[in-house]
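Order of writing sets the chain letters: A, B, C and D. Residues in each chain are counted from 1.
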């Protein structure tokens, strides 16, 4: 059904369910983490000069391995174009391309290699769990879109309101409605960094009322996820009643 | 059943399910977003003088389009008063009225045009999802009212308590119980901006205890929404078991 | 079955389901809110001298009304001791007692009158909803106790850990484990006021790990409430399938 | 079936279901709390010299009692090695070992004695509740692992992004990607202490978008816990329909 014995060996290598594939997956996982940590380490200030050479050598080796892997994956794929345009195919390409594109400082793009780590979720133990999470989010896609639209409108209206309450009192902090949007987005998600705070009586009363309703807003996505997972869980229960 | 052919054409235009209505909806959506963004841009400091004229011209055109649309919607409506007094009828009126009322600075009210964006939720793909969200909130209306009443009482009691703990130590920050209410509302919603912080031992112990219970308070609306959505979802499941 | 006609009239007055009781309930509600707002207003700085006399007069009238009401409620009760020791009986007593106890500054205790507002939840429209909320909390009482015990232990362990990480670097902010407890309680509830912040590398790594697990901790009471309300809601559904 | 009468007496002592075991459990609970509070009190600055001797004496007595208890628990256990290697066996050993190891400052390890408090959850009233919580977490173990992996990747990607947005503007606050990780971990859990705040336009827009999605991230563990508890609760319902 597949091609030559070499292609068959490659397919086993790229299938995390086989023991060879498991070892290969762990090996690439190690390279991904090593590469990702290097992206962070390189930004440390006051590094000695030799580290630049070391990071370059490490990067060359890792890109070499990943380029060979990318070519072999194309060779092993039955439908080559489908692999190239798939989520993992694009991630694999993005993992190596920045190295070959000179003249641009695309070192940071190497961080997207981390998305390759998601392959680890294909391991038998976690594949069912990640399937359930993905299906739960797919089930509530439309509701999440409605929620995000409504939240966006609410944030903009709150931004305009807080701007009118606070602009006169704090012209340097609330310079325009866009400062108000920063305030509204961080406040409604209950993060607020403490950098932009209402000081007028009107602004404070408005904020307190918005926050009390905001508790309800944050409740919506949680409720959606909980309801979707509850349904999936009861379906699983029906399918395997002896679990 | 309806009136003349002109009225029939208008009805198709205002029905987002038809292709003409779809295009018209996207066109008004574009005008709404353009107008809303302008409300924000106008507040930017140090704008050159010509922008004032540009914003006025843009506003005149948009209000013209929306005024014509409003009149046509009344003409197309079977029960004209019902439309005028409906949620969208009032929003449509509020969208254009501020422009015609001179002497008052009601520019900010144009922001309410954003509520017209909610019409986009009538599109086929999202109408079922937004219906479910609205029905979920309607199901838990009474519980939410009880919850907000109880939360209001708790906030006032916490405000009085923290005022008595902190007033002597920080007379400028906790000037009265109303400063305490600002603290209580922002703290119980876990936002606190860091502008009013207890410093006495009694105030800190009280705050820690309130926060541990506050986790339970925030849990209530989330639990209500989750329970309502779980019920709706299982009902949908029963109605369309083949989905 | 009950006593004299006067007792019967009192019973109707104190039953919020009758129209006389409804009006009386709204009247006392007005007095409670008036009294509670006064507790706040009194704390405003720089009030003119006449306000002290006004607040005293208002308080005397309100306490008079509530004292008469308290005596009449005892008279109307079939089992007088049961009323006196009931939740609302104790609240009613606490509402008026502080006024008669001189020598102590118990003005703040008047705030507990706000708890009388909970009577409003007995109104027909909200009684079912508040019953459901109370029953949901009763259902998860044991789980909440376990959760709070575990959370208390976690907070204390986190307090000791952060004290050892940060004490040497910030001896004025982390003076003892008790400062660490303040930090742990505010941080695990995601409130943190920004007054006590880790600055060492060890303290930051520890904090990040604790926060990621802390998301799971906050999830527990929400999940408990959601699960309890889901069950109650499906039971209601079974009882009244035609709703 | 068991050994001598002495062993039988010990078994009753160590079984919290018997009245002797109940009293003994409360007694050790008292010693644990006393010991834990002492760990905190010892860190208070400016303690008089005699307190050092008092804390040492208290510690010697408590460790003495716990050492005797540990030896007796081994004697009473049917499978001695199983007890020694069990969760509570290890906790019991860790409770006393630091005292006997000199030369190391392991006083803080005494805090782990607090974990012995978890034994209190075996009391009849709470054992069912804590069983349900433990089972709920076991049910969602795989999903939580997937969630934490994905969250870890997201935090690292956000850290790299915010570093590139803010490094040039705030070189002292965003010195490297690791400062970005501190920012990302505290912000995505909605805690942010206000010590590291984006100030560039790009950084603020990125933060606002991440926060809106972050609401969805926090929703996942809550939804998982809620769904698992809903299932467990409905199973309990099926088993005891008359409750």
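Heads up, the rule we're going with is that a contact is a pair of C-beta atoms (placed from the backbone, for glycine too) under 8 Å apart; a residue touches a chain by one contact, two chains touch by 3 or more.
Computed from a prediction, not measured in an experiment: that's the story for all the values here.
Enquirer: Given the touch definition stated above, what is the smallest step count connecting chain A to chain D?
Expert: Shortest path length, in steps: 1.
Enquirer: At the chain B/chain C interface, shared numbers over all numbers used: above half (same) or below half (different)?
Expert: The interface of chain B with chain C is built from mostly unshared positions.
Enquirer: Could you work out which chain's C-alpha centre is the most distant one from the centre of chain C?
Expert: Ranked by distance of C-alpha centres from chain C, the top chain is A.
Enquirer: Where the centres are mean C-alpha positions, what is the separation of chain A from chain C, in Å?
Expert: Whole-Å distance between the two chain centres: 41.
Enquirer: Go ahead and note the Å separation of the Cα centroids belonging to chain C and chain D.
Expert: 29
Enquirer: Taking each residue of chain D in turn, which ones touch at least two of the other chains?
Expert: Those would be 181, 190-192, 194, 218, 222-224, 226-228, 230.
Enquirer: Please give the residue numbers of chain B that touch chain C in the complex, ascending.
Expert: Going through chain B, the ones touching chain C are 142-143, 145-147, 149-150, 153, 156-157, 159-160, 163-164, 167, 175-178, 181, 187, 190-192, 194, 197, 204, 207-208, 211-212, 214-216, 218-220, 222-224, 226-228, 230-231.
Enquirer: What residues on chain D touch chain B, complex-wise?
Expert: Residue positions touching the partner: 190, 194, 222-223, 226, 230.
Enquirer: Quick check: in the complex, which residue numbers of chain D touch chain C?
Expert: Going by the criterion above, the answer is residues 36, 39-40, 43-45, 108, 111-112, 114-115, 117-118, 120-121, 125-126, 128-130, 132-133, 136, 144, 148, 151, 181-182, 185-186, 189-195, 218, 221-222, 224-230, 232-234, 237.
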